[in-house]
Each structure stands twice: as structure tokens, then as C-alpha cells.
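Across the two complexes that follow, subunit A remains constant while its partner is subunit B and subsequently subunit C.
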Partner chain A sequence: MRLNVPTAPLLEAVGLASAVAASKSPKRILECVALRASRADGIRVEASDLDVTIAMRLDAGEVVEDGVVAVPATRLVSVLREVGEGRKDLTLVGQGGRLEVDTPDCQFRIHGEDPQELHPSEAFPGAAAATLPFSVLRSMIDRTQFATAREPGRFALHGVQFRFTSKELEVVATDGRRLAKAVHPVASGPATELKVIVGTKPLALVSRLAADPTAQVEVAVHDRRIYFRVGRCLLSSRLIDGAFPPYEQVIPQSSAKGFVAKAERLATALRRASLLTTREMRSVTLDFGPNLLVLSSRAPDVGEAKVSLEVPYTEAPEKLGFNPDYLLDALKVMDPQADVRFEVTSARSPGKLTAGDGYVYVVSPVSVTE
Partner chain B sequence: MASPRTILHVDMDAFFASVEQRDDPALRGQPVLVGFAGRRGVVAAASYEARRFGCRSAMPMSVALRRCPRAVVVPPRHAHYAAVSDRVLEILETATPLVEPLSIDEAFLDVTGTERLHGPPAALGERLRARIRDELALTASVGVAPNKFLAKLASDLRKPDALVEVTPETVDAILLPLPVERLWGVGPKTAERMHALGLATVADVRARGLERLTASLGSLGEHVHALAWGRDDRPVVPESEAKSIGHEETFLHDLEDPDDVRSVLLAQTEAVARRVRRAGVLARAVSVKIRFGDFETVTRAGPLAAPTDATDELWHAARGAFDRWADTGFRPVRLVGLSATRFLSGPVQLELFEDPDHARRRRLDAAVDALQRRFGSDAIRRRGAAAAREPHPPVPDA
Partner chain C sequence: MGRIRQLPPHVVNQIAAGEVVERPASVVKELVENAVDAGATRVEVRLVEGGKARIEVRDDGCGMDADDLAAAFLPHATSKLADVGDLEHIASLGFRGEALASIGSVARATITSRPAGADAGAVVEDREGAVTCVRPAAAAPGTVIVVEGLFAGVPARRKFLRSAATELGHAVETMERFALAFPDVVFVLEHEGRTLVDTAAGEGRRARIGRFHGDDLARALLEARSAPGAAVEVEAWLSPPGLSRADARLQQVFVNGRFVRDRTSLHALREAYRDLVPPGDRQPIVFLFVTCDPARVDVNVHPQKAEVRWRDASAVHESVRRTLRAALEGARPGVPVAPWERPGVPRSTVEAAEWAFTQGAGLPVGAPSAPRGPAWPGGGDHLPDATADVAVSRAASPAGGASAVASAGPGATAVSGRERLRPVGQVLGTYLVLEGEDGLVLVDQHALHERVLFDQISDRLRDGALEVQHLLVPAVVSLSRAEVARVEEERGTFERLGWVVEPFGEGAVAVRACPAVLRRPDPEGMLREVLAVLDTGRRSGLDRAALLSAVVDRMACRGAVMAGDALHPDEVLALLAQAEALNHAHSCPHGRPTRLVMSRRDLERYFHR
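Up next is the complex of A and B:
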């Protein structure tokens, strides 16, 4: 194999591949990034830790001689980073488990693994279950994945659920205390509903797949794997087994008790009201009164805080406690200038944040023992 | 110096026996012994008619029957007594939330500062006694005093069915002639030591002075000196603020079968769980206490996956802790106790999705609690809780 390639796009692709490759594995091949070069097909960069697999075709560079190499991803990244700076034409020569990177003053010979052991290249499986703008999908992931469960147990909740229907794609995450749901219409979804759960690691990588925000992303599910194809990149991941609890039931129906405020104002008030809370007493009381929301907190040994926020609220007074972090998590992923509607029903029922763009966030309150 | 307090001690009269006499008219006016009639049986409670013959609780049943051969022996119904006890506590809680149940049949109330609301404390005590009599057809004795020690002493002075108030003016007349055994914390062993030092009555303790008492008895000297002057600063701690809620039982004979211990532990778990629910708290752990005939004591902790007040979840943790101990070397047990501990305080994050099993257990507990409150029946018990107790009855709290 011999190829000449500008460093920037190669480093970007190898960097992404190194995020997929296993950081430490008894099977060394899983720590490797593969470079496949063919005069007919161009240059492909691949990696797989078996759970997640990625393949990218470079749209730059010239293949002089066909071939395949597999070398440890982190080694190749550090070499490219060191010598590649601004270089338009880097020559890589290799065969099998060896890759040489030569510049006028540096010569590197990286030892790798037998490419025969590589995970076979994948192809996008047939028709997409959803096709949508990449920027939309990235935003749906950003606005949901933070709500996944972190603590042990309830393994399904460690992932994000994708629900495909003929008309829309719905992405949901919940840790059992709060729930984030984003919905976007799609043109040609599957005739029958399809629900799958995807881990957060592959989703974080999906967000890095395209720099072009106008690109379209295709999503498909096949043989217990989910596939994302955008431009010249294809990422697939094994699905998480299990099912979500019946979450639609816990999303409150529209309630008259609520108000609309700018996300930024609400977040500022919450942040201020939570300054004097502690980890054990992480609770802010929200007092809904006529045209006024009073946010207060109290922690023994630390102090008390009270913040007043003028809001157009005209319903019967309501008072309930929330973990401020849960509300702030959602406000952080909303446009600061968005008009957010905050609805409640009772002191022991979940509160709901919506921004009128298909995003719904539900938080279970904190019961304050008095 | 702490500000003056007003403490009530409410003590049900011959509680188990009175409940049996109330429920069965044929027993009224008869000497009644609650307990098992077997060879190793012990008296859990004696009616006042039986006490006239010298029968006392904690006495072997065979001795009691020798003293009063015509006594009627009634097997105990602990769950039923617990349910009646709940009703008593409900009445007491109408006076103040500061109610500290001491055992199934007695409680302390801190009614300091309630005079404008309830009138003089003695009148309040009488009203509570009247409600217990009218609503539950049972009698109670009440002590009114500035602290727990004197209130408990007072309730006992003219038992049954009486109220005694100890005031600063009357305290000496009551206290000075009492034997040292009546001081809180002075058991048979300590009493023996005190007798050897020439301390027989409270008056003797006072005359000895603090310095000489501490010189001969150490920190205990300080303790008995304060009590001898009628001083006791222990606060009334309602169960909702308690650090733990527990039950323990001492047996007349060591229990040699682990299954017998388990069944006692299960009955204790049921009672503790109910008190946890009444107190409106959630436990994060249980602790099992085991004592052997030689007084060596071990405790074993059973952590809970999530804070809970559900009987089944507390039982799972208690049983796990006991089994881990028993599997590594069981020895005959003299005392077993269970407490729920590490209560959750502060805000509780509610779940969006209730664990269906947890929700089911909570509904079961609520239903059992309601049934036991209404019917006070032993019929609704967990399987195994009441079994295997007959040959090894516990010694009741004296």
C-alpha cells in the first residue's frame, strides 16, 4: 500500500476511529485502526470494538498502490498529530501489520496487527428507517442523552430509545426521575413501529460524524444493530437489550397550571436559588403565585435563598420542590431565548417543560418532609 | 438550666389481660393470665384479679398457676395488642406530636407549653384517660411531672386507673423513701453494688453527696445523684425523629433452632415496619441484634437497596443479615432484636415510574395495617410469624 494524503482530513478520520477502537483489549486488533486503500475505491479508515464499528471514506488523497494495514489507533493519532501540522502531502507506505510514515526529517515505522483479523467492512443495510437533517438528529441526541441512567441496574435506561414510525422519529431518555423526549417528522419511516435502545457511547460518536450541518443522515436497524450513514461515514452499534417502562403514561397531559418564560431567565433564577443547597439537600421549592414564581431553598448549616421571578401565572397557587439540577439540565440544552412553558399539576406529580418544537422534558418532584 | 417542662407518662393497666377481658365478657372479673400454658410457658400479663394472688408478668406459668389455680390462661395475640396500641397512640397524638412510645403499652408525651390550648396538664391527662376509657374500653394510669423519670414514677404510684401529678412541692415526699432499685438505670447488679455501699433508699443517695458517689460509682454516681434530686434531662423523642425504631425480646430459655429465631425476627419485623410507617420515615438499613446465654452480643447490619418502609423489604434485609450470621456458625440465642435504622431525612426524590413490585408491597402493607387497625386480628399475619413460639415464649418487658 502506498498513498499520498493531506494530513488534516486523515487525522480527523483516524481521530474519530480511535474513539471507536478499544482502548485496551486482549484482542489487539480491536485497538487498531485500519487503512484500506484501493485505486478504484479511494482511501477508507475503519475501526471496531465489536460493539461499535465505524468506516469513513476520505474525499482527498491519492492511492498509488492498493493495500490494507492495521495499526494501533492511538499510536497513529499521535504520530499524525506530531508531524502532520499543515502538511498537504503525507506519504504512507505499508503492508500488513506495518505502516511507515515518512517526512523529510522523521521516519516512523508503526507495528500493527494482521489485517486478516480485521472486522469485515460493513455496508448500510437496505432502506433507511428515518432520513433527516444531520443537525436535527444531533440536536435530538444532545437534548436527550444527558437524561440516561448512570447508576447500576435498570440497564435499558442506560441507553436512549429510538422509536421509528411511518411519520416521525422519537428519541427518548430517562433515568427514572426525569425524562427527555424529542420528536421530529420524517418522510418515509417504516410501516410498523420500530423501537430500539442505543448506548450513549455510539451516540456521542454520531454527533461527531459530520461537520456540514446541512447534510442528511440516514438511520437503519438490521440484525440487532443500528446504522447511521452521513456523507462518507457509516457508524453502526450493537443495540441494548430490554425495554423502556411505559413512559408515555408519566408525561403529564397539558395542564392549565403553568406559565411561559425565556429559558435563560428561568435558568438564572434556578441557579441563584440553588446556590445555598447541599448535595444531601438538593432541593429548591417553587411557589407558584399570582404572576410571581418564588424559588427558595434552605439547607441547615449553609443558609437560605429566595429568588422572585415575575411570570404570567394566573391559576390557583401551587407549591412543589425540585432537584434544581434536573431542571437546569434541560434548560441548558434549550435555546436561551426560547419561550419555555413550565407546567405543574400537584406537589407529587411530575412537572413538564416544553418549548413548542417537539421537545418535552418531564421531572418528578422532590417531596420535602417538613 | 433547661426551662421547665411538662411530661406525661401514660401506662396502660395490665394491658394484654385488659384487652382480653374487654374482648371476652366471660373473662371479666376473673383472674386472667396471658401466656402459653406449656411446661416452659411464662406469664406475659396478669389481670389485677390474678395479681391479688401474687401472679406477676415474667413469672413462669407453672408458678402463677400454683398461686392461682383457677386463673384462666389465654394465649397472647401480639398483633392484636399492637393494633390496640396504635389506637391508644392516636388518642395521645391529639394532645401533642411529641409522643414517644416506650413499649407497646406506655408512652411519654411532652406537653410543655400546651396549657393555653389544652388547660392544666393534669386536666389534659384526665381527658386522655377518659377518651381511652370511652373509645377503647380500657384504663390507663398517667403520671404528670417535670421530666420523664418522675412522670414514669408517678404513673406507677396509684395504679390502676389513676392520675398522679408530681410537683416541686411533692417530689421529695415521693422520692426520698423509694428504694434505689426504682432509679432509672439501676438494675439488680447495680443495686447490689449500691447496697454494699450502704445505699438503700433515694434519701441515702442524696445524703451521700455527688463527690463521694462519683468516687465509688464513677459516672453512674453522677447519674443516680441527678435522679435522686429528681433531675432528668432526657428529651421526649417522637418516632419520626428517632435514630432507629426497634423491638427486642429476651427468652427464658435459649432458642436452639434457627427457625424459631427466624419466626421471632419476622414478628418483630412486622411490628417494626408498622411503627416505621406510622412515623412516616424510610429506613436505609436494618440491624439484627443477637445475644447468647453468656451475654455476649453480636449485631449484624442488613443494608436496603432503596430506602423503604415496606415489611417485605425490611424482612428480606433482616433475614439476609441473620442468615449470613447463622450460616457461619449458629449458637443458641437468648435475645434477638431488630431495628430499622439510618432513616432518610431531607428531601426525597420521587420516582417517575414506580417499581411495580414495590408498589404492590406498599399496597399489601397498607391493607394489612388497615385490617389490623380495624379488627386487630392475628388472622392476618405473614406465614411463619406466629408459628414456633409456643415452646419458647419470650419474657415480656416487665
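Up next is the complex of A and C:
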């Protein structure tokens, strides 16, 4: 294998591949990034830790001689970083499990693994279950992924559910105390509903995929794996087994007891009201009164806080407590200038935040023992 | 004919026996006392039917020859006192010469004994007051006493005996007390072939406390000793502040090896714990051993010798209080922190430079995305300051009191008062590393957080207000029918503790809400754990307050950051600040220490400086 390539695009691809490759594995090949060069097909950068697999085709560089090498991803990253991103004339020569990286003044020879052991290259499986702008998918992931469960057990909830229907893609995450749901219409979804659960690690990588926000991303499911294809990149991941609890009935019907406010204002008020709580004893009481929301908290050893926020509210008064972090988590991923609607029904039922673009966030309240 | 007659001797003895022998456990106590007085190194007790049917006590002590045996059952016959002057300084457990006579008058008692060095043994029997002749008998060196049919001939007393299990319980307690009082003697108690108490020679008091009351408890106890040579010597094994019981059963006082109810010592120990046990009826755990010249204490004040009278009570009081208090104060004080600040340097940049905490778990040091920072943050230029601080504070160091304190952990050095701690980092994802004024401080993040949580939850429970996080979707937990029934029964308790649990069909319950403090709410695991705690608590007869405390304990453990959790610097600061608010953050609720101090002196010694 011999190729000439500028450093920048190669480093970007290898950097992403190194995030996929295992950081420590008894199977050394899983720590490697593979370079596949062919005069017909160009240069491909691949990595896999078996759970997640990534493949990227470079749109720059020239293949002089076909071939494949596999070298430890972190080694290649540090070499490429050191030789300088501005370099246009990097020469890479692969030979017998080695990779030589040459510049006029430096020669590196990186010892790698037998490319025979590499995970076979993957292809996007047939028709997409959803096609949508990449920037939209990224925001759907951002606005849900934080609500996944972290605690042991209930492993299904450690992931994010993708539900494909003929008309829309729905992305949901919940840890049993709050739930985030984002929906976007799609043109040609599957005829029968399809639900799968995806881990947060591959989703974080998906968010890093495309530089071009107008690009379209195609999503497909095949053989217990989910595939994301955007531009020259293809990322796939094993699915998480299990199913979400029936969450639809948890989302409250729309209630008149609510108000609309700028996300930023509501977030500021919550932050102020929670300043004097402790991590262990964290709750803020929301007191809905005529055109006024009073947020208050009290922690015995720390102090008390009371914050008033003028809001258009004319319904009967209502009072209930929430973990402020749960509300702030959602407000943080919303556009600060967005008008959000916050609704409640009763002291024992969940509150609901909506942003008018198909995003729904539901939080269960905190009460106090008598 | 006059109505007044002198009672026949055996009736006199039976009445007297009532003073000494009340139940099988009191027979065991008298016989084991005799064995200890005889210098035994091994005492074996075997019981049948809780001792109601048969009590056998076997020792390897000095034994008795035929003459002694002939006198043993006689009232007021003793080898331990010669004249009234001896009463002033009784060094043995027995002294009245009444025990065997009393026992023999209310049961069939047989003594087989062979003095050390003699070729053969002899046997004598007392059948409810009728003493046989002494006959030769085969015997191992030492003494075997068998007591059968206790109170068989005294129905009035027999009917006061309780069930075999209850009587056995008393006997076990008696044996445990002897085992603590005499750590060099091996004590064994068997009941109908089952060994209930077994001890090893030379294992020490902490080990024995562990055998009887659990290793966790034993490990947690502090050890306190008065200076050697004090007129009233005190040795104690005591709970660190924060570890307490709902009852005072584990406050045991021994005076010269004798288990007694001594008001003076009990009062002194409560004084020592003043403001250190949580309010409410919490009781510290103290095993207290007071040793002094027998002349200083009168043991002849109570028929069962269960009380003593001090010649100088206030000296004893003071010695006990001072020794215990010193140990309690020397126990690692929490982590009182005045967060480290350097004048002129904005706090946030100092922190940024000071902390080398891993931001995400599992990042290898030096990996491309690891947070950058000096390898030894703040090392070079801060050390001189620290050295200066130390020089000042060392002058005020160890308080040379009358008591020496030893605690379980290595490197035990008392760090007094509030100290300024400079966070250095976190190691093994588990321990916070801090620079104290006089050395290095390691804090177990889980144990400290657990302590903080335990106190906070308990406080909240007392105020009756614990935050409850409702669940969007109830967690359904399948349980056995018995467990479901138990949940139903305990619904009120669960609710008070922040759990909303409802029946959910056959063999399942739905958890609708759980305490908000749980960091990783795992309703299923937690619910099972709470059930288990309630169950064992019930079985061992814990009262309501103790049960609640046991559950809170589990909740705190579950809610606390785990060993292995990477902590954000802000979280560490918050945790240390919360600990500062506690008076006694030096042990987790199980009494495990939360911190280890390696003083400058320890370090210098280690590096031969």
C-alpha cells in the first residue's frame, strides 16, 4: 500500500476512528484503525470495537498502490498530530503489518496488527427507515440523550429509543423520573412501526459525524444493528436489547394550568431558587399563582431561597415540587430564546415542558413525607 | 408450746439459696466463678434444656482433694477468706463460701475433682441438702461439677423458670461476659451438643467482642486505655461517635473481672459521650474494664455480687470519663475544612490548577482528551507555604494527657480542631487526597458521603420531611407472597421512609415513588434490601427507632457516591463542606473510618529523615 495524502482530512477521520476503537482490549486488533487503499475506490478509514463500527471515505489523497494496514489508533493520531495538520504531502506506506509515515524530515514506522483479523467492512443495508437533515437528528439526540438512566439494572433505559413509523421518527429517553421525546416528520418511513434502543456512546459519535449541517442522514436497522449514513461516513452500532415501558400514557394530556416563558428566564429562576439546596436534598417548590410563579427552596443547614417570576397564568393556584436539575437539564438543551410552555395538573402528577417543535419533556414531581 | 422454732439447716440453706441461685444462669455464673478462681485456663459448660435439666461445668483448675470435697458443700465454707480483714481486699470472685451449699440444697449436685499433681480423684454428692461421703473416683486433673434437676424439690421456685430457650439465652450472656472479662481463659458453652460459645486462647478482647457482637462492630470500636500504673486502670472498647444503639445492653462494666451494674462507671461513660451521641435515646456501645487494688472497692454489697461500692467514687468517675473522652476526641475528627484559598489568586483559577481530578471515568492519564494540568498540581510554589504553616501548627501538637489512645487504623495521629485542607487529587477513583496542616490526609469518599447522607436523612426524618421522587412509570418488583404481605404490613414504615409502594397483582408490588436522595434509584434492589433489614431487625428484636436507623443506614449507603465514581471537583468541595458541618464525620454509620492521616512525623519516620 502506498498513498499520498494531506494531513488534515486524514487526521480528522483517524481521530473519529480512534474514538470508536477500543482503548484497551485483549484483542489488539480492536484498538486499531484500518486504512484501506484502492485505486478504484479511494482511501477508507475504519475502526470497530465490535459494538460500534465506523467507516469513512476520504475525499482527498492519491492511491499509488492498493493495500490494507491496521495500526493502533492512538499511535497514528499522535504521529499525525505531530507532523502538522498543514502538511499536504504526507506519504504513507503499508507493509507487512507496519505503517510508515514519511515527511521530508521525519520517518515513522508504526507496528500494527495483521489486517486479516480486521472486522469486515460494512455496507449500508438497503432502504433507509428514516432520512432527515443531519442537524435535526443531532438536535433530537442532544435533547433526549441526557435523560437516559445511569443506575444499574433496567438496561433498556440506558439507551435512547428510536421509533420509526411511515410518517415520523420519534426519539425518546427516560430514566423513570423524567422523559424526553423529540419527533420529526420523515418522508418514507417503514410501513410497520419499528422500535429499537441505541446506546449513548454510539449516539455521541453520531453527533460528531458530519461537518456539513445541511447534509441528510439516512438511518436503517438491520440484523440487530442500527446504521447511520451521512456524506462519506457510515456508523453502525449494536442495539440494546429490551423494551421501554409503555411511556405514551405517562405523558400528560395538555392542561390549562400552564404558562409560556422564555427558556432562559425560566432556567435563571430555577437556578437561583436552587442555589441553597444541597445535592442530596434537592427540590424546588413551584407555586403557581395569578400571573406569578414563586419558586422556593429550603435546606435546613443551608438556608432558604425565594424567587418570583411574572408569568401569564390565570388558572387556579397549584403548588408542587421538582428536582430543579431535571428541569434545568431540559432547558439547557433548548434555544434560550425559545418560548417554552410549562404545564402541570396536580401535585402528584408530572409536569410537562413543550417547545412547540414536537419536543416534549415530562418530569415527575418531588413531594415531602408527612 | 411456743410457736417460734429454729429452722432446720437444709431449710435455712434453701432460703439462702434463693439469694444466690435464681435460675440456671446463676448456677453457671457461680460455678464458672469458682473455676476461674481455681486458676482454670479452660472452662467448658454443657447444658441440657437450657440448664433446667442439667448443668455441667468442667475446668482444668487447681482441683480439690478429699478434705476439700468434704467441706465444699458446707455453708460458709470457703478457702478464699481467712478472717474479717480479708473482706477489705477481696481478690477472688468468690468469698462467702455459700454458692455450692446453696446449689446443693436446691438440686442434685456432684463434684468430681482431682488436684493438680494428685494421682487420683474423688467424688462427692449433695442431693438437695443430703451430702454423701467422699468416695475415690477416676478423674482428670481439675474439677467437674454436675447439677441436675434444679429446683426439682422447690416447686415454688421451679415454676418461675422460663422456657429452655430463655434460660439458655441468660446462660449464653453470662458466658459471654466471662469471656470478655478473662481474655486469657478459654470458655466453651454447649447446649445439647450444639456449641454456642467458643473462644480461642490469646485472641484478645476485640476478637471476642467480634465473636459475640459481630466483627463489623468489633472492628469499628475504639480502644482506650488509661496510662499504665494509674491507681484505677481503665481499658475500654467503645463506639466512635455516630455509632450507637437504641438500648444500653452493650454498655458493660467489669470491675476486677466481675461484671457489675456500676452506676458510677455508667454515669461517667455517659458524661464522656456528652454531645457525641445523637439526641433521642441513642446509646453508645462501651465495654469497660476497670482494674484496681481490691482494697478500693467493696464487692460485698449485693447477694449476687452484681454491684460494688467504691471507696473513692469520684476518682473512678474521673478516670473513666477522662480515658473515654480522650479516645473519642482523638478519633479522627471529620473533615473540617476551610476550603483552601490563597490571597490574591482568584479562587476559580486556583481550583482549576489545583485539581487533577479525572473528569470522565476511565481516561488514561495523559490520553489526548484527559484534562491537562501539572503532574503535581500546585506542587513547586505552594510547598514552602505549607511548610511554614506546619512549623507553626506543630508547636501546638500532641496534648500530653494522662491517657494513651490507640485506634484501629494505622498512622493514628490525633488531628485537633479545624484544619485547613488543600485538595490534591483523587486516587484509585475512591480516595480523596488532601494536604492537611501536618501531613497527608486520605478520605474515603464513599464512607464520608455515607456519613453525610446518614445524618441528613436522619435529620429530615426527625423533622418528618423527606423528599420523595415520584416515578413516571411505577417499577414493578416481583416478590414472594410473604414478602408482599410484609410490604403491606410495613406500608406505613415505607411511606415514612419515602417509599410509595402498592400491591400489584399476585406476588408483585409497584414502587411509585422512592426517596429523592437515592442517587441511583434501583427500586427493586433497594426494596429487597429494606425488607431484609426490617426482617433481620425484627428477628433480633430491634425496636422501632433502631429499625428505622438500620434502614436509613442502608439508604445512605445506597445513596452515597461509590468507590470508583469519578467526582467532579465541585462535588468534592461540596462533600467536604458538608462534612465540615458535621461534628463527627470521622466514621461512616457502620463505624468504618472515613479518613487516614499520615502526619509529617509518620512520613519522616518512614523515609528515615
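Assume the second predicted complex is superposed on the first by the 367 of 370 C-alpha atoms of A that agree within 3 Å, B and C clash if a C-alpha of one lies under 4 Å from a C-alpha of the other, contacts with A are read in each partner's own complex, and residues count from 1 in each chain.
Here, a contact is a pair of C-beta atoms (placed from the backbone, for glycine too) under 8 Å apart; a residue touches a chain by one contact, two chains touch by 3 or more.
From a predicted model like this one, the values you see are computed outputs, not experimental measurements.
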Fit-or-clash call for subunit B and subunit C when the two complexes are aligned on subunit A: clash
For A:Ala215, decide between first (touching subunit B), second (touching subunit C), both and neither. neither
Partner chain in contact with A:Glu151 - subunit B first, subunit C second, else both or neither: second
Which touches a greater number of subunit A residues, subunit B or subunit C? C
So in the superposed three-chain picture, is A:Ser364 touching just subunit B, just subunit C, both, or none of them (first/second/both/neither)? both
Thinking of the overlay built on chain A, is A:Arg348 touched by subunit B (first), by subunit C (second), by both, or by neither? both
Touching partner for A:Gly321 - first (subunit B), second (subunit C), both, neither: both
Return first, second, both or neither, reflecting whether A:Leu179 touches subunit B, subunit C, both chains, or no partner chain. both
Quick one: is A:Ser78 in contact with subunit B, with subunit C, with both, or with neither? Answer first, second, both or neither. second
Region of subunit C that runs into subunit B when the structures are aligned on their shared chain, from 7-15, 187-195, 349-357 or 547-555: 547-555
Show me the subunit A residues, by the header's touch rule, that subunit B contacts in one structure and subunit C contacts in the other. 174, 176-179, 245-247, 250, 280-283, 321, 323, 348, 350, 362, 364-369
Note: in the complex, subunit C contacts subunit A through residues 362, 364, 367-368, 452-453, 456, 459-460, 463-473, 475, 495-498, 513, 516-517, 519-522, 524-525, 559, 571, 574, 578, 581
Subunit B residues touching subunit A in their complex are 280, 345-353
Contact set on subunit A toward subunit C in their complex: 23-24, 74, 77-78, 150-154, 174, 176-179, 245-247, 250, 278-283, 300-301, 321, 323, 348, 350, 362, 364-370
Note: in the complex, subunit A contacts subunit B through residues 174, 176-179, 245-247, 250, 280-283, 321, 323, 348, 350, 362, 364-369
